[in-house]
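Shared between the two complexes below is subunit A, which pairs with subunit B and subunit C, respectively.
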Partner chain A sequence: MSAKLSHRYRTQYTYLMQTVVTILIAVFCLTPMFYILSTSLKPRGAEYMIPLELWPSKPTLQAYRAVLGIVEEAELASESKGSMVLPADQARIVKSLSFVTPLRNSLIVSSAVAAFSLLISSLSAYAIARLRFRYKIQSLIFLQLGAMIPIAVTIAPTFMLMRSLGLLRTLLAMIIPNIFYNVPMSTWLIACYFAELPFDLEDAAKVDGYKPIQIFWKVIIPLAAPGLFSAGVFAFLGSWGEFMLASAVSMGIPAVQTVPAAMLNFSVQFRYEWTWISAAIILSVALVAFMTLVFQRWVIRGLTAGAVKY
Partner chain B sequence: MKIRLREPTIAFLFLLPAFIGVIVFYYYQIVQTGIYSLHNLQHTADWQTQPFVWFKNYATVFRSTYFWQSLRFTVYFTFMATVLELAVGLGMAMATFWVSRWLGGILRAIIIMPWVIPPIINAMIWRWLFHADVGLFGYILVSLGLVDKPPLFLTEPMLAVHSVIFADVWKNSSIMAIFLLGGLAAIPADIYDAAKVDGARSWFRFRKVTLPMLLPTILVALLFRGIDALRTFDLIYGLTGGGPGTVTETLSSFAYKYYFTYGKFGLGSAYAIVVFAIIVGLAAVYLSRIRRNMRFKE
Partner chain C sequence: MAGVRVEGLLKKFGNVTALDHVSLEFEDGQLTVLVGPSGCGKTTLLRIIAGLEDATGGSVFIGHEAVNQVPPWERNIAMVFQSYALYPHMTVFDNIAFPLRARKISKAEVKQRVEQTAALLGLSELLQRKPRQLSGGQMQRVALGRAIVRKPEVFLMDEPLSNLDAKLRVEMRAELKRLQKDLGVTTIYVTHDQAEAMTMADKLVVMRGGVIQQMGEPEEVYSHPRNTFVGGFIGSPAMNFIRCSVDCAEAELHAPDFQCKAPSRFVEALRRRGKDSVILGVRPEDLKVLASFEEGAVPATVYISEPMGKEMLLTVEVGGALAKAITPTNVRPRIGETVWLTFDEACVHLFDSETDEALPTE
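So, the complex of A and B:
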């Protein structure tokens, strides 16, 4: 009797503890983003009011409208009475720093990087995982060792290379290097997937008279879709956050800045407008956070591919 | 006419685009940076037209107190951040593994969130949370009665150093946790069951069963994070700008400053080569560890 009771007490206690631990971790991981979200919903200037509000009493989308450049002059005029900056000027500044352009640029860069690094890595992964030749591991190591080199080490010559190609201040200067920054990791990820497919596939296809490129394209690629997908999401996320190269080759020109470079620019220009900066942060993180949540399983698989063999 | 290619030739052709790209954007660049570091190179000048100065840039670097200070900070930052991330990450991984399936699923989704945030945006977030007057962090400390007024997180040297470390730990503990979760999942369940049958208490089980089994994963995770932490740049650039003074300047952020702020490509390259030299050693160990995972049918 008492043993049974204590068992029940113990399960309930365990359940309570589990919930507490979950909440603690959630607080640790989510509080910073939560507070940024809350700041972004405050009316302009309210972010400096003491006592701090954890959640705004009157949430407003003002900051998002400003950051997306859909602010109206009248609105600004009513807000900034007594401010040194003329409303018309302020509207112009806001328009010029509209976050729509960086978001669009980042979308272009990241999609292009994901697509091309997938194309190139799936070829190399196919060779490593499925074709007969001697230096498989060495090839993989060669690619991986390259990826260990910090961008700080390669940035100066890459900058010069882009200059001599006349690509400075264009999105291509970010796209091309970023493709290859992601190729080593993608190759490995995809190779791991390819290696799991049965090897009879090739033999069957050869009997049917397929050429190697046809086997690759028509048999292997469709079957390895999840692996390709994981690598694609990975490359997308990687290039979305890449800052050093993006800020060097965009050279402060807003029209070609991706999100990370524009973010820094923005936070310097509007140093005191934390509702705006917060809104910009939320906008830059929203898409990738959503993607990660949806494709969580693949992302985690990608992350751990190097450290842990499943 | 029909050309029949042998399989190794096809493999070579398939590998070619990846190899060319990686050679052009990694290996060739190292050589270039090496060459730059031997020249008195100003901003966008062509290195062939600039004076060759042997190891003068390195001499300048090694003689400068800034270099030693930033080397010290880089190493301290890497050590502290990696160790703390291991502790926090291990805690989070064990918790996720321990709670019910349902809560575990939620935890996984929560834990991965800080990892998603790009480093430069992480820097922005913490600049606001560490704000000297209205930062949430200082506000909480004041509300709890721990301090009288919000500490100057980013302007007091000792505090700034640790604020940067904290911001890094917040973001990167999640990747540590994800690594270790993978490692935990790979431990065969019957080992636990055997230990349970033997009546081993949970702490003893953790110390004698889980930890030893997890050790290879921990080592790889530490190396992976260590290599990444040594080249930290974005976080510093966005959060403190290397300040106050040059207290939180890493080798990478110094290199970047020499390139694009002072326009001294030669000197910056010397910094970069030093970073490379430090990382190459760790990278070799890391690759030799993960090599065991690279098994493909010959």
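So, the complex of A and C:
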């Protein structure tokens, strides 16, 4: 009886400690985010007010409208008093700063990277998990080795390659390399899913009258959907945050900058406009945070699925 | 519809020979049962006929066509897998419809045929469920439905009842046999359950270690097993074997504990053979257990008795070996008691003690 009690006491204690530590870590990580969020909701100039406001007394979406380029002239005129930028320049600047283009570019790049790396890696994962060929393990290891080279090392050759292909200053220069950055990891994740499917299913489909490529689409892919999904989310998030290559190949042209590259430009250009910078940060994180929250169930399943195979 | 013929099939997995020059003919419209112990190559044979595995040597014919080069999706064979192999992401309806959809059949006809098949198998209520929402017996029937919804040339069934409970298995094997007769499709049925084999087969094929031991009608295989393996494998409980020495002059067999007259139909063979030992085989159902001595009866000690309802399975010790006998329940000897065994010489089987082959009769 007493052993049981002390056991329960100990598990409760462990639980309590876990919760406390989790909260501490969360507070540590989220405090800057909170302050950025709070700043992004302040009226322009209010971020310099002393005493510092932890949360704006009159929250406004003004900064978001500015960053998204939907500020009205009247609003600008009334707000411009005490600002460090001359009213005459306001309209021109707001037009040019629109954060819509980088957000759109990032969405295009990340979706394309996710889609194409899924296509390629589901096929290569199928080969690794299912087909018999020589040097299978070696090719798998080779593929994973490729993933271990830091982007910093490959960036110069990649840049030169993109230049020779005439792809500099285009989104393709970000899409193509990012696909290949993601293929090793996606292949691994998806192969672990494929490996768990019983061979009999494929044999049954063959006897039922389907050719291997049809079986791949009608049986294998639907059954590995959770694995494909998490691989897709990884590829999406990975290319969303990719900065080095994006800033190199976009060469400072706003029309082809993705969010991380545009962010740098933006914070240099408007280094005193903290409400705008904060709003831009929140916007670029919000989409990713949303995706992660919604899909984390799949992501976690995808990561643990391979834990015991191979 | 078509018969199936395999010729000189050889299959090696590395240095394991799974099939050793197997030649067989499966007649058009018949149900042939392949039976044998685990690992004897039954599944391998089915998979080669289906085209899922390449033979190391030999050929497969469906009808009159050699199909070695034909991939499985073009062979028009339906197979029931031992593991069911239902598609987990599809409903029962879609599972059954899957082979039809590979064949450019109109939507209306697919629906009609799936519903007809489902009704036949009692699955009508379950069409919208996913496989994981079904019991083992229901999954079994879906797997069957997926095979019979088509009109294939050949059915291959790999231990399709092995995962069912005893009662359902007995029910389903009757259903299956009936279905096969109605459809008249050449069927190759694998099992390692000899009772299933006996009851279902038009033709019975007994395999061991990749080699065909005997092929024939079930009664034929039962009453004239070609060697001790077949004798021991077909029939339950298994045939009793006792090694005897032969006294040719007197036409007598001498076991350690008893002796008996050699059945007259074997005398000629025993004499011609001239060896001095032989294996005597008697089925438990042919052994008669007596409570008291009679002329020619053999003494035995009761080792254990197992009531089976209608009958009693008796294990007795004869000459240092155990033998089994089936007796009516009114004979109820206790453990350690002495009983007397007799058998009709017409039921005796004799096998060569070196080759294990049955001796020829007159």
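Here is the rule we use: the second predicted complex is superposed on the first by the 268 of 310 C-alpha atoms of A that agree within 3 Å, B and C clash if a C-alpha of one lies under 4 Å from a C-alpha of the other, contacts with A are read in each partner's own complex, and residues count from 1 in each chain.
Definition applied: contacts are C-beta pairs under 8 Å (C-beta built on N, C-alpha and C of every residue); 3 or more make two chains touch, one makes a residue touch a chain.
Since we're looking at a predicted model, the values are computed, not measured.
With both complexes brought onto subunit A, simultaneous placement of subunit B and subunit C is permitted, the two fitting side by side without a clash. When the two complexes are overlaid on their common chain A, residue A:V219 makes contact with subunit C while staying clear of subunit B.
Of the two partner chains placed by the overlay, only subunit B lies in contact with A:V153; subunit C stays clear of it.
Once chain A of one complex is fitted onto chain A of the other, the partner contacts of A:F270 are absent, as it touches neither subunit B nor subunit C. In the superposition on chain A, A:L131 contacts subunit B only, with no contact to subunit C.
In the superposed model, A:D203 lies in contact with subunit C only, and not with subunit B. Touch criterion not met for A:Y64: it reaches neither subunit B nor subunit C.
A simple residue count on subunit A separates subunit B from subunit C, and the partner touching more is B.
Touch criterion not met for A:F234: it reaches neither subunit B nor subunit C. On the chain A superposition, the C-alpha centres give an angle at subunit A of 90° between subunit B and subunit C, rounded to a multiple of 10. Taken over all C-alpha pairs, subunit B and subunit C come no nearer than 9 Å in the superposed arrangement. Overlap of the subunit B and subunit C contact sets on subunit A: empty, with no shared residue. Residues 198, 200-201, 203-211, 214, 219, 222-223 of subunit A are the ones that touch subunit C when the two sit in their complex.
Residue ranges on subunit B touching subunit A, taken from their complex, read 5, 7-8, 10-12, 14-15, 17-19, 21-30, 32-33, 36, 44, 92, 95, 98-100, 103, 106-121, 124-129, 131, 133-134, 136, 139, 170, 174-175, 178-179, 181-183, 185-186, 217, 220-221, 224, 227, 230-231, 233-234, 237-238, 251-252, 255-256, 259-260, 265, 268-269, 271-273, 275-276, 279-280, 283, 286-287, 290-294, 296-298.
Listed in rising order, the residues of subunit A touching subunit B in the complex are 15, 18-19, 21-22, 25-26, 28-33, 35-36, 39, 47-50, 52, 120-121, 123-124, 126-134, 136-137, 139-161, 163, 176-177, 179-181, 183-184, 187-188, 191, 195, 199, 212, 216, 237, 240-244, 248, 259-260, 263-264, 267, 274, 277-278, 281, 284-285, 288-289, 292-293, 296, 299-300, 303-304, 306-310. Listed in rising order, the residues of subunit C touching subunit A in the complex are 47, 50-52, 71-73, 75, 77-79, 81, 83, 85, 87-89, 98-99, 102-103, 146.
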